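Shared between the two complexes below is subunit A, which pairs with subunit B and subunit C, respectively.
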Partner chain A sequence: MADVVLNLVGKLYAGNIRAVSDVSFAVPDGGFCVLVGPSGCGKSTLLRMIAGLETVTDGEISIAGRVVNRIEPMHRDIAMVFQNYALYPHMSVYDNMAYGLRNRKTPEAEIAARVAEAARILELEPYLKRRPKQLSGGQRQRVAMGRAIVRKPQVFLFDEPLSNLDAKLRGQMRVEIKTLQRQLGVTSVYVTHDQLEAMTLADMLVVMNRGRIEQIGEPLYLYENPATIFVAEFIGAPPMNMIGLDPAVGIPAGLSGAESLPVPPTGAMLGIRPEHLHLDRGDGERGSRLRLELKIDAIEAVGAETYFYGHLGSTGPRLVVREAGRGVVPTDGARAFLADRAHIHLFDKASGRRIEM
Partner chain B sequence: MVENRPFAAIFSHVVLIIGVVIIAFPVYLAFVASSTDATTISNGQLSLIPDRHLIENYAKVLFEGTDRSTKQPMIVPLMNSFIMAMIIAIGKIFISLLSAFAIVYFRFPFRNTAFWVIFLTLMLPVEVRIYPTYKIVADLHMLDTYAGLTIPLIASATATLLFRQFFLTVPDELIEASKIDGAGPWKFFIDSLLPLSMTSIAAMFVIQFIYGWNQYLWPLLITTRDDMQTIVIGIQKMLTVTDALTEWQLAMATTILAMLPPVIVVIAMQRLFVRGLTETEK
Partner chain C sequence: MEKRTVFSHKLLPYALLAPQLLVTIVFFYWPAGQAVYQSFLIQDAFGISTEFVWFENYRSLFSDPAYYSALGVTALFSTVVTVLSLSFALILAVEADKSLKGAGIYKTLLIWPYAVAPAVAGVLWLFMFQPSLGVFGKMLNAAGFNWNPYLNSGDAFALVTAAAVWKQISYNFLFFLAGLQSIPKSLIEAAAIDGAGPTRRFWSIVFPMLSPTAFYLLTVNIVYVFFDTFGIIHTVTRGGPAGATTTLVYKVFSDGQAGGDLGTSAAESVILMLIVIGLTALQFRFIERKVTY
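Take a look at the complex of A and B:
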């Protein structure tokens, strides 16, 4: 039973620089929590506070029911995987994994058994005698993971562990990390700026921006119900289309069916995901659906789907449409797309918050 | 900048060969001189081929000493020099490693002040502070001891600065990983920092060993007893003879002997250098 609970955690650096403020969330035992956000949003600082590498200036962090604010990293029973792996360059792979155990006075026989097991799981057996620099990036990443596994800690902390790998390897390692975490059932906190990584790994997604939490929830819930404009634009690729609605100006050209939307006097942002826009083939009822007329600039057919890039009503905001299959539309033509009411999002322009409809 | 031009190749070789000859010829001449007898040298009939008195001269210098000037076996000052150079080199490395470790990895009041004070001593070499240093060493009754010979020379800003620069290049994540792996500062120092600094330590050892070996002024002041003399002073004393001829063949043999330990250190450590340079860590 090792949950990680953060209660109103904050970090104030010397010189009154606020990195994190009022962060509260709880990762249940065995949960996989991903902190995601743009660089400088405080997610790494938060992770380092959980690890004990940064002091906590406000609030409380507890691991397995014990407040750890003033406890040294080594006594927190955590293991961390670093972005640059942080392997000891002068030690063999075996010693890298065994080092933490030796410092804890684990019997040598047990160390050997644990390292052997980790090496088997991570397929590192042929490399145990090598130095880190004789390994490829993916192998080094595995050693860093192995170093975490052998300790059998209560919590795994990952600080952007895949950002130094190439795209293909990243995808592969992502699956491995997920499988491994399920297999071991260790509570994990994972930091990344890559929303795809965040979506695929997390049981629980924490979106951060400017040192604050924007939204917490299951990845798909966040995808479908973004609480703020920031979350809506950050989660999902290509990002959600955003159309400004200003009551003073009126409905933008090319958009129809939006008259009845509850737009506040300060204005709103209308958000529609690219896959929720569908070509208006002129058949069937339009019903209560929104109709958007786009002047198409470019089409990308990637096989399984086709992307249309265009501007709303020719001069409006730039929109992206993802249509399954292969749509045939001449470039720079004008086309109409329909969006279901159930799939549109409305946000208050002033506060950035979601407006429930 | 690797170009394949025959003229440039020949030219650079010629320059290099001239350089080597200029440096190596006096050494060779000393070697030849150390293998002849007194008569040949004083007649100025030195040939360019080593003579037959080689072993005889060296054995005499090492175990008997000169006939006229110092009359001591040179094995004693050789040992003294070796001990002094070793203590200075190892002591400097030890103290510099610790002080650089403190300055780089610990936050304490006046940390920067400490750093600048160390830095300032660069401007105060032994020669500048020689009188106060002598006074202190004399008051502490350390004249004619290895302690008096070495301790004032051990404090070193250069080595501290070098190790500081090296420590600053060690990635922070390595320290953090050590912390999480349960290594305290001391364990981090022993297990990670020290093995990583091996090549810088080797470089420092070579430089400081030669520095210690070549000390002249300080041993001259601090030692009065013959059995505490260093080899550099031994050579100097050999040359000053009243009312007789300097035994140049013995002086030259001593010179060659005095040159050997630094050369051996350089050659031995060079391997470590090269290994450290070719297999770049990190």
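Take a look at the complex of A and C:
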């Protein structure tokens, strides 16, 4: 029964290096919170402050209602999975998992039972006697997970645990982590810079940029309602198409239907996701939809969907379109695409913030 | 992973090895062979006639109480110096690894003794602990200890030991520090989260991970005590008083050089060589089996 609450947390490293500022959020008991953001945005710093491996220089962190700012890592009742796994190289897999329990004076019989249980869940039974060096990357990752779960902590902390694995294994482990977390119901905070991992794992997504929070919410809510240009561009692959609108210059060539958009005097960014652009087959009503004429540079048909790459009005910003199925369009052709009003996003160019329409 | 280089020319690898082989042959195998040969000879007092006597030199050596005394001194000396210099070095390295303020100066100062030649180190310590002139020697006597390394064998042994330890700490310190710094920080952090306090972290994580370094240093230190401490002993005590600081290597010198008994001296050096080869082989086998991760 543990929630994790951060209240205006900040971190100033020695040498006046500001890594995190004014971070506040609350992970409910059993919740899976993912911190995502580009490299250097302060995710690890934040996680390490929750773990107690870095001092908190501003604000307050509480776990299960208890402020932990001054509490040693070992007394926070947390477990952490490190990016490089940090397995003890001189101990067997069994001893690696048992280490934390032995430190807490757990009876050997119970240790054996708990390790056996974790080994069963993680399919590590054949490897218990081996040293970490004698395991594959994926198996090491499981041992690191095992070491975390045998302790039955109140909170799991993960710092990019899958980034050393190949793409296929990463996908597989992602599902396993999610399933395991559901089963155990342990509150988790997970750091990644992979937006796909973030979207699929999180109940609650925290997008960070330069030490600050850009937006917090459910992954799909953020996908559909990005609060800032940063979030819009960071979440989703391929990223959202962005078209600059400058009242002083006028509507860009190739774009029509955008005249009525509430563009501020300082300019705006018009955002449309690749899947919200549809080929204009010239058969339906255009209605209030936006029409974009693209000069197509390249087409990629990957089976279930087709990607069109091109430039708006031939010299404008580069755009990507994702169509379901197999579109048949000759390369180098000019094509028109339509976007629904309901699916377009508008951001203030100066502040980067979303403009509600 | 094993690294392999394939040479296109058959002779090239031998040509590249030649300088190293030459040095080893000229400075090791040749003198070693000479020593073995010498140990089978007895020379008369004037060095005019030599006689081939097979193992006679060895037989007389093993019936000489002075030889057993030197063996005992060597065993005690190497144990004490190795244990002390490794322990002090480890403590200092652990402190330096905490990267306190001024750690750079601290490290530099700790490395200096290594640059001092053994004989000079011996003179330095003798200078400080000379009973009537040395700063610390005078202090000890003023404090009521009857300090005199010239007459008291315990004092002599302590002084030689201190100089030898002081000189070897630097080397051990450097290796321990490098060993400590190669332990990933996340291991220590994982152990901290796993509920291990600083002391337990040291003994259960840091120390085992340092053991390859420690075993290497053990070999190096024993060889150091066996041979390199000669300079210290020669300048501080000349093996005295009454053989209290005569180690095996010092006995090789005093019998051969000062006593002019080349046959016995050669036999001693052959035995010394065998002891060191044996110890090294033992340790390397142990290292290969036990301490690789």
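One rule holds for everything that comes next: the second predicted complex is superposed on the first by the 357 of 357 C-alpha atoms of A that agree within 3 Å, B and C clash if a C-alpha of one lies under 4 Å from a C-alpha of the other, contacts with A are read in each partner's own complex, and residues count from 1 in each chain.
Definition applied: contacts are C-beta pairs under 8 Å (C-beta built on N, C-alpha and C of every residue); 3 or more make two chains touch, one makes a residue touch a chain.
Since the structure is predicted, the reported quantities are computational estimates derived from the model, not experimental observations.
Overlap between subunit B and subunit C is detected when the two structures are superposed via subunit A.
In the superposition on chain A, A:R104 contacts both subunit B and subunit C.
Of the two partner chains, neither subunit B nor subunit C is touched by A:Y221. In the superposition on chain A, A:M74 contacts both subunit B and subunit C. Contacts of A:Y13 after superposition: neither subunit B nor subunit C is touched. Under the contact criterion defined above, the residues of subunit A that touch both subunit B in one complex and subunit C in the other are 51-53, 72-74, 78-80, 82, 84, 86, 88-90, 99-100, 103-104, 133, 147.
Looking at the complex, you find that subunit B touches subunit A at residues 171, 173-174, 176-177, 179-183, 187, 191-192, 195-196, 279-282. Taken in their complex, subunit A has these residues touching subunit C: 51-53, 72-74, 78-80, 82, 84, 86, 88-90, 99-100, 103-104, 131, 133, 147, 151. Within the complex, the subunit A residues that touch subunit B are 48, 51-53, 72-74, 78-80, 82-84, 86-90, 99-100, 103-104, 133, 147.
By the touch criterion stated above, subunit C contacts subunit A in their complex at residues 184, 186-187, 189-197, 200, 204-205, 208-209, 293.
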